[in-house]
Amino acid sequence: MSALKPAKVGVRTRIFQIIFESDTPLAKGFDILLAILIFFSVAIVMLDSVREYHERFGTIFYYTEWVITLLFTLELALRVYCLEKPRLYLKSFYGIVDVLAVLPTWLVLVFPGAQTLVVFRLLRTLRLFRVLEMMALVGQGRLLLDALARSRGQILLFLFSVLMFVTVFSSLLYLIEPREAGFTSIPKSIYWGIVTLTTVGYGDVTPVTPLGQFISVMIMLSGYSIIALPAGVFSAEVIRSLRQERYSDEACPGCGKHQHERDARYCKYCGTWLNEEVAAPEPPESQ
Amino acid sequence: MSALKPAKVGVRTRIFQIIFESDTPLAKGFDILLAILIFFSVAIVMLDSVREYHERFGTIFYYTEWVITLLFTLELALRVYCLEKPRLYLKSFYGIVDVLAVLPTWLVLVFPGAQTLVVFRLLRTLRLFRVLEMMALVGQGRLLLDALARSRGQILLFLFSVLMFVTVFSSLLYLIEPREAGFTSIPKSIYWGIVTLTTVGYGDVTPVTPLGQFISVMIMLSGYSIIALPAGVFSAEVIRSLRQERYSDEACPGCGKHQHERDARYCKYCGTWLNEEVAAPEPPESQ
Amino acid sequence: MSALKPAKVGVRTRIFQIIFESDTPLAKGFDILLAILIFFSVAIVMLDSVREYHERFGTIFYYTEWVITLLFTLELALRVYCLEKPRLYLKSFYGIVDVLAVLPTWLVLVFPGAQTLVVFRLLRTLRLFRVLEMMALVGQGRLLLDALARSRGQILLFLFSVLMFVTVFSSLLYLIEPREAGFTSIPKSIYWGIVTLTTVGYGDVTPVTPLGQFISVMIMLSGYSIIALPAGVFSAEVIRSLRQERYSDEACPGCGKHQHERDARYCKYCGTWLNEEVAAPEPPESQ
Amino acid sequence: MSALKPAKVGVRTRIFQIIFESDTPLAKGFDILLAILIFFSVAIVMLDSVREYHERFGTIFYYTEWVITLLFTLELALRVYCLEKPRLYLKSFYGIVDVLAVLPTWLVLVFPGAQTLVVFRLLRTLRLFRVLEMMALVGQGRLLLDALARSRGQILLFLFSVLMFVTVFSSLLYLIEPREAGFTSIPKSIYWGIVTLTTVGYGDVTPVTPLGQFISVMIMLSGYSIIALPAGVFSAEVIRSLRQERYSDEACPGCGKHQHERDARYCKYCGTWLNEEVAAPEPPESQ
């Protein structure tokens, strides 16, 4: 989004500042208004999917949907209008989401079945993160995301190993269990294996032979034990993040020792002034 | 509760001390007696809801309930009587709970259907925390609550992201799955999504199409992986709490500042030698 | 068990050493033999409960059971014989288990229905911990148990709060949901609540009303978030145990600093000899 | 695998280098090609197990399977051909897997039913770890495996205790619950117990009596609480691994010992000044 640039004409620049940025009161107001509108439009899509409400309030929903679609279309038009290179925006993730949010209602005029695609409007809720950002809540999540990013490699490897393990054992159950128990194909058995290992356990497919139940129990106990692995890795990463946040990387110019807290001014081991760019103040009399 | 003040007349002050405080033996005895009575009344409400017991012991339950209601009403009257500003109490959380605990039984005299509302009496069990407090158990939970309070922001953000994720994918399943599989509306699909992600997995709604099962498996593996996040954050916070023990309580003799790590020898703010019992070593030449 | 004392006669003392202790080769052999016999007897009880095996091998099981019962009875008789105060043993936990292990088979001679009580023999598997102790595996679990013991208060408080929470919300569902959905009484609703919160999710009782499903979702998300709490507390305790294992509590006699590793001989901050009871060796030339 | 040695003839040595090693571009290319082929063959086995695809593309699958089998047989022949002692390879784990991957298709020529055994080909996916190793992803998992290996003893003890606990309580439910509820034998009850404790909760066997439900609830709450134990142990081990980074790699110039913490100034074993770049300060008077 930061790559997008406003057109140089005055009005378009001002619209850009309101819609794409969020540092002026007007821009913040726009973001909040948009968040409310998105929330409202999502609520309508959800309620309209409930048959009872659809039957009773169908007409109201229909017209409200058109009003929202028109407002979203206007917003989309303004976004395209105020940008120097609108194509860059239209090909970006948020651009596609914004188009998907209005397209279905317009398509209905041509293809009546397109109505159900209106659920793609739900993706616009992702814009709500913008408001959260203003509420400084996202900043708190930075630590979480950092730790997650650093443990990503290990968690991916973990998931790959888990999938391998599940594939081998699920195929065994495909051989052992009768087709009537639900193990109708290897992919279906793998579906059952993951439902079991993640401890979801729907019960739509369950082993019925003693041998199958024995192998299932092995899978469950494995799942129960190894669920600790990502938790352990992630805990360790969060703790590491918190520690790095606290200690400075720089060494003391006096004794070369590390592990000074970021707010330290003097070395805690030898008393040397740590900040070399500024002269040390006169020592207090007590020394 | 601490805002509540006793009336200034002698008897009422004494009643206040017994009912609202818990530092005299009599007050402690009252708290324990009340805890037993609440426990007993809750047990009766529960047993009466079982049809068999209701049929066999219904009459006994009926009279016991009236005795308990009368005792609770007396307690409520005493609470109101001994307070200077009873309204403040009646509008507080515990005041409302205390009124809700006796109201249903009285209401039955007017509206026979009010009987089922007696379950609100269960809320009185919250008063049991009072007894736990005396048992010094709650003090142990302080650390837990502190860590929970500090990680609240991150956990809320986590829940919000999880809900967003579930909403988008559940809507997809609403499009893919046939209505007969239970995905009758978007809210119902979201219900299914949360049942799946949290690994509860009732099995009342389950995907039947291969594509739906594939997406379900993605949701399960995500839930299985990201359940580590709150655990990680929370572990880190508990450990941070325990670390607080790492800081010495003593102030620097030079500048009076606190928060020196236990292994610090010089004040990190002013460079003063911290250990007054031993003389400071000669500064190294490099200074 | 340590309170039990052998009779003073020679033969009985020797039997005591073999049966109750485990420091001689003969005593170890007895423990291992007993472990095998227990394992074997448990396997027979289990297999005999499977109808097919019972029909086919019932007679063999019957005689094997009698052989095992006779051996266990002999063992019990020896235990009673070799002790000075056999009553103390018969009233101890293991004594009761040992009697329960042989009683059902003997009782069958009088009451034919007593056969099913033979499952109490399974409790004897607890004696297997004795063998594990010899394998030094239990020692590894000491750290676990220590951390568990220290976090017990917090985990109990946690469980109590969880039960309170579940009781209040389950009662709400008892009011909201129709009896046909399975919420037939408050205790049954609490059963459902715990099945849901612990993410077991059998699906034998599931909410069918939208409001009930909404409240269920709240319970699930709570369960999903707070499951982190005991894990966090416990992790912190294990980490604290590991740390205490590593650092000595004693301060350096030279500079008064703490946090010396247990294998340290000189202070890492000032180079002072740490072990005051022994004289320091001559300093190496490099100093 | 490292024990396998190539034959000394030139061509066979070159084949050995391509097939068994992975340090030349050709060998890497072979590994990647093999990974793709394995992935492809696995996909075909899976798709062929789905009845619809089998009916529609059965013939294509049949011929592709033969092509893959021939390629795998050729690979197997080359592996055997280029080794000095092929028997050692054929008796190794990967050797058996490689034979199992081609045997079923050949067996069909003799026994038509052998077709289903083709699922053993899935085991070949384990060779994919070879490619991951090249992608340096496995190296990231080393930390995980180290921590897992160190906590293995504790986790095994934990699993053993859990199994004991489940066995005793499941047998109780076998006594309490009617056979119609699914508790038809003790092993079946133990299956139910593990399904419950691990929070999988299929719902194919559920308690129906109040007492049975009460005991189930105890098992669930135990499972919910003790799941924290392996996570705690494992977290602590990962953190301990990360701490290893806390130790400096440098040896003491006095005694040559390692394992000095990064903030150590003097050797904890012999008291020598560790930082050779800076002169040691004068020893404090107290020494």
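Worth pointing out:
Should a chain be cited, it is by its letter among A, B, C and D, assigned in written order, with residues numbered from 1 in that chain.
What we mean here is this: contacts are C-beta pairs under 8 Å (C-beta built on N, C-alpha and C of every residue); 3 or more make two chains touch, one makes a residue touch a chain.
This one's a predicted model, so the numbers in the text were calculated from it and none came from an experiment.
Copies chain A and chain B of the same chain sequence form an interface built mainly from non-equivalent positions, shared numbers / all numbers used being under half.
Between A-D and B-D, more contacting C-beta pairs join the chains of A-D. The distance from the centre of chain B to the centre of chain D, with each centre set as the mean of the Cα atoms, comes to 40 Å.
In this assembly, the C-alpha centroid of chain A lies 29 Å from the C-alpha centroid of chain D.
Within chain D, the positions touching two or more other chains are listed as 187-188, 190, 199-203, 210, 227, 231, 233, 235, 239, 263, 265, 278, 281, 283-284, 286. Looking at the complex, you find that chain B touches chain C at residues 42, 45-47, 49-51, 116, 119, 122-123, 125-126, 128, 132, 137-138, 140-141, 143-144, 147-148, 155, 159, 162, 187-188, 190-191, 194-195, 197-204, 227, 230-231, 233-235, 237-239, 241-242, 262-263, 265, 275, 277-278, 281.
Within the complex, the chain A residues that touch chain D are 153-154, 156-158, 160-161, 164, 167-168, 171-172, 174-175, 184-188, 190, 196, 199-203, 206, 210, 213-214, 216-217, 220-221, 223-225, 227-229, 231-233, 235-236, 239-240, 254-259, 269-270. Those residues of chain C lying in contact with chain A across their complex are 199-203, 231, 235, 269.
For chain B in complex with chain D, the residues that touch the partner chain are 50, 199-203, 231, 235, 263, 278-279, 281-286.
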